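Some structures to go through are shown next.
Look for chain A in each of the two complexes below; its partner is chain B in the first and chain C in the second.
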Partner chain A sequence: MLQAYWYITKMKLLTNLTYRFEVFTAVATNLILTLASVFLWQTAYKGGSGAVETLTLQDVTTYTILSITLSTIFVCGVQDTIYYKIREGQIVTDFYRPIPLLACYLADDIGDMLSSLMNKALPLIMFASIFFGIPWPASFQSFLLFLPSCLLSYAILWLLSALVGLIAFWVMELGNMGMVKDSIVRVLSGSIVPLWFFPDSVQTVSKFLPFQYTYQTPLGIYIGNTNAGDALTAMSVQAAWIVILFLFLAAGWARTKKKTLIQGG
Partner chain B sequence: MEAVIEVKDLVKEYIIVKKESGLRGSLKSLLFPKKTKFNGVNGISFSIAPGEIVGYIGPNGAGKSTTIKMLTGILHPTAGSIKVCGISPQADRKAVVRKLGVVFGQRTQLYWDLRLGESFELLRRIYQIDKAAYEENLAVLTEVLKLHDFMNTPVRQLSLGQRMRGDIAAAMLHSPSVLFLDEPTIGLDADAKHAIRNFIKEINRTRKVTVILTTHDLDDVELLCSRIIVVNNGKIVEDGPIDSIIHKLTPHRMLVVELQEPCDDLSTPNATVIKQEGLKIWYQFEKDLVSAPELIAALSQKLPIQDISVKEPNVEDAIREVYKTTATV
Partner chain C sequence: MVSSIKHYVSVASCFARLAVQRQLEYPLFLFSWLLMIPIQYFSGIWMLKIIVDRFQPLNGWDFPQLTFLYGLGLISHGIFVVFFINTWSIDHMVINGGFDRLLLRPMNVFFQLIASYVNFIGLIDCIPGIIIFIYGCEIAGFEWSLVNIGKLILVLIGGILIRAAMFTGLGAIAFWTKRNGSMVSFALTMLERATMYPLSMYPYFLQALFTFVIPIGFISFYPAAEFLGTDNGGLELPLSFALWTPVAGLVCFLLASVIFRYGMKNYESAGS
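And then the complex of A and B:
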């Protein structure tokens, strides 16, 4: 069974590596986004207002570069996959295989992730380094903590995406709910502006939502804004969210299978 | 003999949201949807023995695909029970689909961007087929379905006929005991149709695969199926051997006579003239009342006959008859 998943991952990886043009455009867009964000921060810091003293300019630059890089790697195609497959009725061909659907979609996304790591994330980091210097982590220890935290982040993002995907089984007419979710995640995860710059009330609410644990947690660890002890606490919160979301997904999936809505044929 | 497929009182209810026209109507149905219930499948029962080739036919929207989807565990029935190889697809979908091969003519399970062979490799891993058995099976399938030429072509570049053969091979890789074919010859040319029909006959003969076929191409039915189940409006209207259904539904045969010269009195007992075109005359007769030789003998005494032929009613006539009599009121 594992062999099958690995094969799906491998096929996706190989397919993606053949699309070269897409890679160029992706690198270009992300690079522009990175440059624009960093320049914006530089201007903001020049004003020298005391409000932004939580982080140094170097920290924010590193944070921004890493954040955009992570967003190229954290591929959650599952919500779109489910949405389009249901729309076109193609999902039936997945249903008559003796293998769990969602696990296949995860394998597919991991393939995407591995290829993005090579052909999107690495070039982006390289170019960004040329402009702003290499975005080093705060310390070797923070780098070591950053890696597992990233994995946990991806799990949260993927589970959220899969949950949104399930909605498509129930209400096809709502359109692609994924875009709504993506916008919420982009703001509340701190991927554009770290939540530390937000008012206290927003920060308090956000603590009880899963979103900030997807980008802000690993990035905070990387730039050393979160110390080792806090990092471990943050990671256990991440793990708790994974458990909660997983239970939701399992329950939702069991119900969905009972009431599948399949177009045409 | 133990049935491969056992279906009892199957019902599938759909809830349809009625849409009203215009902007006002759209808004209204968005806020207060008018829901009506509708039975796509309404109390179907049948059982299929191992090694049968059954044609499951009916007009568009008769509930054919819905039944197939329930048999494969994709849809859950509202009521009734299904057993495929003794297992309920709703209780254990994965165990059931291991024993099934499924081909939907209008969809493909092959990976669009990859070589055909790569999709097969993935299926080998999904079904955990032993390497040696896989190679052997694939060699046979490649031979019979003539896949050599395009094994290494990306699926998106295949012609419809090639893709369909690829899809059928994909469905047979794990040696299923039951094969569902939903319109396998749709849109194919005569040659490709022929190849696919031959293949179905072949696997039924050599591997004793039970085949369930839904199609609108009645040549498929006539050439392949020993039994047909006709559904309309979610109900079974006929179930039995193909010959007896034709006989039952269309007891008439046709005798076409071509005369040497025009005649006035064409009448004969036991047969009626239904059409006349110049010297060509069409007689209709009931085969229970009179046999063809008897009728020919009677006519040749009376008329100067140039040429003669007997027309058997075919499946198409029979099916049209069924659809007509069971049409929605």
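And then the complex of A and C:
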């Protein structure tokens, strides 16, 4: 059973590794983004004005580099996949497959993720290290906690993405709502500016939304702003969100199947 | 001469009508763009506000001035996207043979390339641009005098020409290599960071690069600094930047069209 998924993942991985030139420009784009963001922080911290903050410039630099790196690894193609398959009508043939469809799409995305890890994330970290020094974690322990937290983050992001993808079954003609979700996630996940800098009211609201648990949680653990005890609490919140989103997705998916049958292809 | 101009205008308006009709065929499709683009840019300016509030003005640029700069950069991006978006797809046209069609018609090729797609959807980029810019003018105390309005128009025209030249030059690479990869997203990121944020944040090397080699500092940063009297990183030129921007735009544009023409001589159809 797992072999089928591994095959999908492997094929995706191999396909991605053949397109080299695209990869080169993707790394360059992310590098520009990293440089520009770090220079912005350096300007903000200039003249010791950041002394009142809990984060040092080094922390924020590490945070930014890692945040952009994570965004290249966290591939959630599922929303686009569902959208285009429905638009082109290919979703019908996909339903014929003898394995669960969403799991196939997940296997696809994991293949993307593995290839991005090699040909996008690693080069980006290397170049960024040349400019700003290696972004070390706060301690070995925080690095060990960072890894599982990242996996949980990815699960949240993927489930959100799949849920938004389902919207296409009902209102395909509204275009790809995944883009809208992405632009909200970028801000509220703390991936550009950590939420700790936001006004208090926004921080309070954000605690009850899934977004900050996707980027800020693992990155906060990595730079040591979240201590080990809080990290475990944060990870259990992540897990809780995964359960909630999974239940939503399961319920939504069951309905969409009926919906597709009604449309008749 | 007059008749040929008339001919070009009539062809352009016909193309424009077709393009707008094509995009309005499914109006609801615009919905996701209509949500996404404003969210993206309003949150961008919000991030700047959070940083400035929490820390300090960025190299002497306080929030009202940053808003002015951000809005100016975004408007010129928006107008560019409406009229010149086809420069992004030159490599596609080379690969799928669409470019051959342009060569067969008895008209200027570059004109056809640009005129054949008026990107009506690009107006959505202009909406947050205009709102942010007007708000920026309001809080930064920009004076709406006739001279300033004239300068603003010159700056916008110059800025759009610089952008158009950049993407035409990049697109022309495809004549030699058959593809220019995703250079477009690379250039877009660079432009956004250099035109909507103060250029003086970056190291001197980059400032010099974006002033003398690829003059994107002229699109919005230098003019905005002059309008508001803020620190521009130390570049001093005689006369107003409102004159230098269109000059830079024209020079770049001529250069790009030379490259484009030279590239076309080199062009051999992809043959499929």
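Structure notes:
The rule is simple: the second predicted complex is superposed on the first by the 254 of 265 C-alpha atoms of A that agree within 3 Å, B and C clash if a C-alpha of one lies under 4 Å from a C-alpha of the other, contacts with A are read in each partner's own complex, and residues count from 1 in each chain.
As a working rule, a residue touches a chain if its C-beta (ideal position, glycine included) is under 8 Å from a C-beta of that chain, and two chains touch if they have at least 3 such contacts.
Source: prediction; values computed, not measured.
When both complexes are superposed on chain A, chain B and chain C end up sitting side by side without clashing.
When both complexes are overlaid on chain A, the residue A:Phe197 reaches chain C alone and has no touch with chain B.
By the touch criterion defined above, A:Arg97 lies against chain B but remains apart from chain C after alignment on the C-alpha atoms of chain A.
Which of chain B and chain C touches more residues of chain A is settled by the count: it is C.
Looking at the shared chain after the overlay, A:Thr15 reaches chain B, while chain C stays out of its contact range.
With both structures placed on the common chain, the touch criterion links A:Met177 to chain C but leaves chain B unconnected. When the two complexes are overlaid on their common chain A, residue A:Met1 makes contact with chain B while staying clear of chain C. For the three-chain arrangement built by superposition, the Cα-centre angle with chain A at its corner and chain B and chain C at its ends equals 90°, in steps of 10.
Put simply, the nearest alpha carbons of chain B and chain C end up 7 Å apart when the two models share chain A. Common to the chain B and chain C interfaces on chain A is no residue. On the side of chain A, the complex with chain C involves touching residues 21-22, 24-26, 28-29, 32-33, 36, 39-40, 42-47, 49-50, 53, 173-177, 179-180, 182-184, 186-187, 192-193, 197-199. By the touch criterion stated above, chain B contacts chain A in their complex at residues 65, 69, 72-76, 93-95, 97-98, 100, 102, 104, 106-109, 111, 113-114, 118, 121-123, 125-128, 182. Contact residues of chain C toward chain A in the complex are 26, 28-33, 35-36, 39-40, 43, 46-47, 50-52, 54-56, 58-59, 179, 181-183, 185-186, 189-190, 193, 197-198, 201-203. Of all residues in chain A, only 1, 3-4, 7-8, 11, 14-15, 18, 89-90, 92-93, 95-99, 257-260, 262, 265 touch chain B in the complex they form.
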